[in-house]
């Protein structure tokens, strides 16, 4: 993507994740937007393009009635869990194309307890699929990691360690939802949801909002204390043969996942390799997802996760800290907000402003990866 | 928008509008996409970016399971009636930014009979608004045109003439839904819906799909028999003081509408004036909308519509043919498809391929305008 | 109005005052003086968050009107049960120097509505929930104009 | 199986054959030979529209499995009424040279499931709609392997 090195995140804002009775998703989005604008030292009138989305909490552009009716072009995007990534992609393209100089992206959601009730028809599948009891994301995750564990020798202990790390990091994040550390034994001993995944290995539908202000060219230096450059943003849909959610069948011939491809493109466009990454946020809808995405993104080899995670390398003080804000497991999953939360966290880490959970080593290169049904993955590379 | 003159529509495809039992909205979208690809002489594998949307018929990117799992980045947009316009804006930015060379946009929808059931909460309004009986788009249109008619001297006869023209044009369009001509008297004498608007002055929720293939640079000349250049695409949200749907109050201080601003930007970026337009498709959710949008877009002065329409200037053989395919009134409104239908029709007219409804004069400049709740307008200028 | 005393307002954030003397609650911006209805947390004109509640004027002029000739869908409309639907008037009333407010009208005869006529705030039962009251505007009688 | 004779398949586009000898209906691409399930109008691999229905093999190997330990939401699930929810197995079965098919398993004990075990197509009542049949895979008895 030409000119991408010219675009930077110049402001970030977040509304705490969790449960917030009496505040709508749209209001959380507006609050996050105001915080991002304040962080950049600008006002809503300075924004000349906006993109945003939620999965279940209304049309993002409706927030103009709270932020101000400035006439700004505002695109609503809707790509499941990858919504934040596609909002970012859209804003990035508008900046690079020259159509905008300062853009805002916002993602928010507010899911009722135990939400996520996809209907087969919306996914192009017959109603028999849901009626038979196959239309569950948790099943998909379990089936995928079960096979992966058998192929690559991943242990139940490693799944549990991913979750215990998430809750340890969440305990240091004032914007996280689950802030109580849990031991590996507590996680393994919890209620089984879908073998091999127990209750604490899954994230829950939640609430929250994140906004980012992006700028290009000379506006970056005007606005940012510490500009964090968006070196690339890439997203891909699934190829034939990738194993994705809500698949009544999968081909025997396998293909790289959408994540593998998006990550490869993101690294290539940034001119930076996975080995250069100092800190990363990757989609951890459940423990197994973090394990598999570690290798799919190129951050390690397939099978290497077992030793990497068991050695503590992905913890805050490790060689490759992953999901330093607690990820989806500790923050919960407000679908529209998750992808932007990852970028928000990487920006804080690269600025050295992550407080109690600041990675102790020097961080110059960050990476994010968000994955959404039915096989959409969006990755970014960010640098200071 | 820099470089916009370099982007052209190189393929168009449509699935007939109307009622189509047994075909899903997603399938209609895939059919339209295949026709657009065939029109451009390429296949789905040649597309390196896609954007699309529907309001109520599922996630556009799901259609990759029908079109082929090529890994293509596919952004779903959702901006009400302006969905087609924002899909086009997104694809245009991806092309101009250099992130893509050949892009597909697709819009489709399938609304049940008498659909459109907006909930106040989704629009950031309290539930009292709907419970009191104020949450109806038809009311808004009636209230807006009632005031406009009093201010600018528009007659009931002019409202009826807009509708009778639409049905006359629809009768010549094999892809239209309502193909039976209706006289001015029949339209005026029909059931009153919201004074001053009768049954036949409103479009109905419907079904249909449209897809376009866009290309930039050297790919345009390789792919298009007759390239139709997308000289500009602009969209704007409402400003404070514009009178838009679902407004519990409107300020006394008035402001230009989102349409006025989007149209002005589109003309400015194209370097073409409203007086140069040979054929235009503008949002005619009901007769009054066409009347008001004619002036808001700059195609005539406020108040001039009465003489313009009474003189027949907006008919197929007139000086400024409007909604030559029958518009929303004759085609119905599948929300996600409407904005792209307008571009599809302008492309046919500029290519001289509109068959029975081809405008008799030479057409070199086309214009489209789509408007959606809550005050989003998208305009394009197209030339051969 | 006596019989309405025990009834609840459809939304006390929107309608204040008393059943005898209801007031619509809007907000006014301390920075730019813009008046909105219903109450907003921030100013849609200047984006200031320094906005305060304000009871709006109870009289104004009819700025536009229509007749709702068919029953709205439920939800969001509260259906009137099985009894027959009665068309009702809807309009925007310009409260001088404040804002134009959308409301039901007590008058539903198109022959008796004209742009510019004086209108006054009143309360009417919520259709389908007659234990609740919502606001409406009624024509000011000739004698009181 | 006798008692299943009068029951309807949950979707005759998906399950063919007879109640005694059911077959899953997929499709095969005339251009690239890719097999899909359920039947598609076009080939997800090569995008050709020259695809034809095909009855899939009835035996294969368990490629992955899980146990559904909690009741799915309804809709889309057909609820089993008030009786207690019974955990059920779910898996992908690799039909050799064809495709991996997702299905309910008749076995729901995790100790008795292992990747690679031989499985065979059968029919089971649809939970909550026992007048209808859906497909499932059951372990092939040791003796028949």
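We call the chains A, B, C and D, going by the order they appear; numbering starts again at 1 in every chain.
Definition applied: a residue touches a chain if its C-beta (ideal position, glycine included) is under 8 Å from a C-beta of that chain, and two chains touch if they have at least 3 such contacts.
Predicted model only: the values in this text are computed from it and were never measured.
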Chains in simultaneous contact with chain B and chain C: A
Winner on C-beta contact pairs when A-D is weighed against A-C: A-D
Between chain D and chain C, distance of the C-alpha-averaged centres to the nearest whole Å: 58
For chain A paired with chain D, centre-to-centre distance based on mean C-alpha positions, whole Å: 33
Centre distance in Å when chain A and chain B are each reduced to the mean of their C-alpha atoms: 34
Between chain C and chain A, distance of the C-alpha-averaged centres to the nearest whole Å: 44
Where chain A touches two or more other chains, by residue: 65-66, 68-69, 240-241
Residue list for chain C, restricted to those that touch at least two other chains: 44-45
Pairs of chains, among all present, that meet the touch criterion: A-B, A-C, A-D, B-C, B-D
Interfacial residue positions of chain B with respect to chain C in the complex: 114, 117-120, 126-136, 139, 142-144, 146-147, 150, 191-197, 240-241, 247-253
Chain B residues within the chain D interface of the complex: 27, 30, 43-45, 65-69
Chain D - residues contacting chain B, complex: 40-47
Complex contact set, residues of chain C against chain B: 10-11, 13-14, 26, 34-38, 44-45, 63-70, 72-73, 75-78, 88, 90-92, 94, 97-104, 110, 115, 126-129, 134-135
Residues of chain B defined as touching chain A within the complex: 1-3, 24, 26, 53, 58-59, 61-66, 68-80, 86, 89-90, 92-94, 96-99, 121-124, 234-242, 258, 261, 374, 376
